[in-house]
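Lettered A, B, C, D, E and F in written order, each chain numbered from 1.
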Amino acid sequence: MSSLTKDTDRYFEEIEEGESFTVDAVRTITEADIVNFAGLSGDFHPYHMSTTVAGDSDFGERIAHGNLVFSVAEALVADMNPRSFSYGYDSLRFVNPVPIGTTLTVHREVVETEPYNDSLGRVVYAYEVEDQAGTTLLACQHITLVERQPGE
Amino acid sequence: MSSLTKDTDRYFEEIEEGESFTVDAVRTITEADIVNFAGLSGDFHPYHMSTTVAGDSDFGERIAHGNLVFSVAEALVADMNPRSFSYGYDSLRFVNPVPIGTTLTVHREVVETEPYNDSLGRVVYAYEVEDQAGTTLLACQHITLVERQPGE
Amino acid sequence: MSSLTKDTDRYFEEIEEGESFTVDAVRTITEADIVNFAGLSGDFHPYHMSTTVAGDSDFGERIAHGNLVFSVAEALVADMNPRSFSYGYDSLRFVNPVPIGTTLTVHREVVETEPYNDSLGRVVYAYEVEDQAGTTLLACQHITLVERQPGE
Amino acid sequence: MSSLTKDTDRYFEEIEEGESFTVDAVRTITEADIVNFAGLSGDFHPYHMSTTVAGDSDFGERIAHGNLVFSVAEALVADMNPRSFSYGYDSLRFVNPVPIGTTLTVHREVVETEPYNDSLGRVVYAYEVEDQAGTTLLACQHITLVERQPGE
Amino acid sequence: MSSLTKDTDRYFEEIEEGESFTVDAVRTITEADIVNFAGLSGDFHPYHMSTTVAGDSDFGERIAHGNLVFSVAEALVADMNPRSFSYGYDSLRFVNPVPIGTTLTVHREVVETEPYNDSLGRVVYAYEVEDQAGTTLLACQHITLVERQPGE
Amino acid sequence: MSSLTKDTDRYFEEIEEGESFTVDAVRTITEADIVNFAGLSGDFHPYHMSTTVAGDSDFGERIAHGNLVFSVAEALVADMNPRSFSYGYDSLRFVNPVPIGTTLTVHREVVETEPYNDSLGRVVYAYEVEDQAGTTLLACQHITLVERQPGE
């Protein structure tokens, strides 16, 4: 099991490109997660909810909502640095379907750091979600703004 | 209240730039939604879960998870066209905080249509989520691939 | 608070017309109940989910799903007699809207007992659900079949 | 998959006996649905909650609450016509047990239309719920009142 | 199935050491219960949530949270006597792991009764939770204070 | 907001009496938490579920289940040290009622460390839960067994 350590209180200048962090196989997507996510989001598409329709589809079985996988993965690795603000996501891609029973490994890496203005720096993380066999399921870039060290 | 009609079975060639669709004020984000989304995603950040911490923050009150708003909005307007496949999202931005009691209006518009390959076309939708006062809360671009009409 | 005693192991012959049972004010319908019921049933009608749409309607506020009230009331008073089988419901009527914060009182009364065949008797219960002011919210008739005493 | 089109804005005079609508196999009843419905309704009967007790019963396995099946089916087919009001249900019958893994098909048909008063007409729908093998699980009649066309 | 009768309105003097009550096999711990309890408590330990991590552990499979088993068991047998107040628990022990699919039998016995002060008596219950094979899963002592009969 | 750092991989010999850790005001107990905990545990006591009954009681309002507060608090501070095993809890006391809207602060302190056998040491933590005004709500002792350093 991966350590659960995440970023804590750091200024922009303390964050370096290439830093990475992996949460290894800590959560399996279950039927209950899919049922609960349908109920929360309101997305009851039969690819998620019907064994019959999903079974007859190219997937051959029910698959998780893309946003369920995204939301769980984001919660596993998202930065807890109180000096950091979420700006948004780019290039969110649902690369492969996620059937019930998939265990998620999430990898986060700093891929870009540049000054944004006098008080903030822009830090971009690449997130990658894999299943237990190492197949990529989801990828995205998380753009954050982080406070700069006073007097720098 | 908006009509709940969504796209149905259409080929790429039948979809036109500028087409738009609005789901008007049909869902209010509640405290129960936030509690349930925390439990599903695992994101228990005190800005969502603590009246004390959130009350002392710049927000002044608890706010919804960005991905909760994204997931609900996406379910309200997402295309049900069986010839359409979700490719991913770009430029997902959480423009303004969403406090408990915000009622979402979601607007979807076709902003780009172009051939992708011989069998598929690329259709990009802009989603915009507003509160009851017309303030933008969230914006993103949804990239989809849609089957082309056979023999064209 | 009412006693929570319910019917236990009894034959048809031991049940008499006019018997009654009241569960007094033990459960309040909350916003969380409505959100959870929408997610379970898939009924996200804005009269239940939107403060804006419901506020502009004749109700003036969000109201509980009829089947939520029916399901909660039924669980509060339903017979636990292992010799009794549920046959169905008649005359299910949603008499008045149930806003958030309504506390349910449920009254059950035996209104009909007659032999059904050699081994079963038919017992009909009238259920009535009231709010804290005594206004009727829901009424129905529950038809059950109960084992007859052997050798009668 | 069935079209998800439902009635939209129509007057009583536009609705005809024999009209029908089917939602085909879009939702499978899961263990999570039963657990969540028990928690919402408060009905923890061991026929729904205990593999041991249900396994030793005539059912041979856990079965869904009747009101869970009713609530899900009703949400799948219920009329979204804003000129229509739910009056109640008659002849609600739980015809066969619904084990975990059953996929619901719901059929709705207009079986009765008659003037109710000067401004409303009475429209009765028959609902029928079947499993994937075509066995009837639940049936009921939904009584609605629909606005009459002004000046008729 | 056990009778669901619990203590009702009784004074301290009416409760005797050795009295016991068993709720027999009425509830099976499901995957949905574990997912829902993680979401409610915030305890997403991979022994509960990851088939991979739990499968590689000494348990060999996911196990229920101890406090989930404790909370369910306590709800099954807790005293409904309105003259009784919960004082606390002692010697709460998680004796054996509880995998998904375990059906709980809960046994409650009065193990101590002694006057506490002029108006209250102290009643201690021993709770014991077993699986379907009779293996002990959890044990604790529930300390309660019960009103004494006036004038004794 | 408190740091979320918890114990990580440590041997018994590295843990010292008096070490303490506080999670400060990160979670507010909501109505949705109570509704969800009732549904999960099966404890629908009207002190938790009825504004009418709870309002007429000495509490004057609905209060959270003791085990809900215990479960949330335990998840906030429980040790993530993979060399540590939970043995049980002693002296679990529900010191004051917890109304809706209470924000929990949880304090954990090592109060006892002693060798248990050749390979394990016994570490006892005192947990104390307070509300936003510093009133104690719940206290317990958590008994754990921790691996001893090889060769000591």
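Please note the rule applied: contacts are C-beta pairs under 8 Å (C-beta built on N, C-alpha and C of every residue); 3 or more make two chains touch, one makes a residue touch a chain.
All figures in this text were calculated on a predicted structure; none of them were measured in a lab.
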{"item": "Between C-F and A-C, the pair joined by more C-beta contacts", "value": "C-F"}
{"item": "Interface composition of copies subunit D and subunit E: same or different, split at half", "value": "different"}
{"item": "Angle of the C-alpha superposing rotation, subunit D to subunit F, to the nearest 5 degrees", "value": "180"}
{"item": "Most distant chain from subunit D, judged by the mean position of its C-alpha atoms", "value": "F"}
{"item": "Subunit C and subunit E, separation of their C-alpha mean positions in angstrom", "value": "29"}
{"item": "For subunit B paired with subunit F, centre-to-centre distance based on mean C-alpha positions, whole Å", "value": "38"}
{"item": "Whole-Å gap separating subunit B and subunit E, where each centre is the average of the chain's CA atoms", "value": "44"}
{"item": "Interchain centroid distance [CA atoms averaged], subunit E/subunit F, Å", "value": "17"}
{"item": "In subunit D, residues with contacts to at least two other chains", "value": "1, 27, 31-33, 35-36, 39-40, 42, 44, 80"}
{"item": "Of all residues in subunit A, those that touch subunit B in their complex", "value": "27, 33, 36-37, 40-43, 45, 65-68, 70-72, 74-76, 78, 80, 86-94"}
{"item": "Parts of subunit E lying in touch with subunit B, wherever the complex brings them together", "value": "36, 38-40, 42, 44"}
{"item": "Subunit D to subunit A touching residues, read off their complex", "value": "1, 25-28, 30-33, 35-36, 101, 103, 132"}
{"item": "Subunit F partner contacts - residues on subunit B that touch it in the complex", "value": "31-32, 35-36, 39, 44, 46, 49-53, 62"}
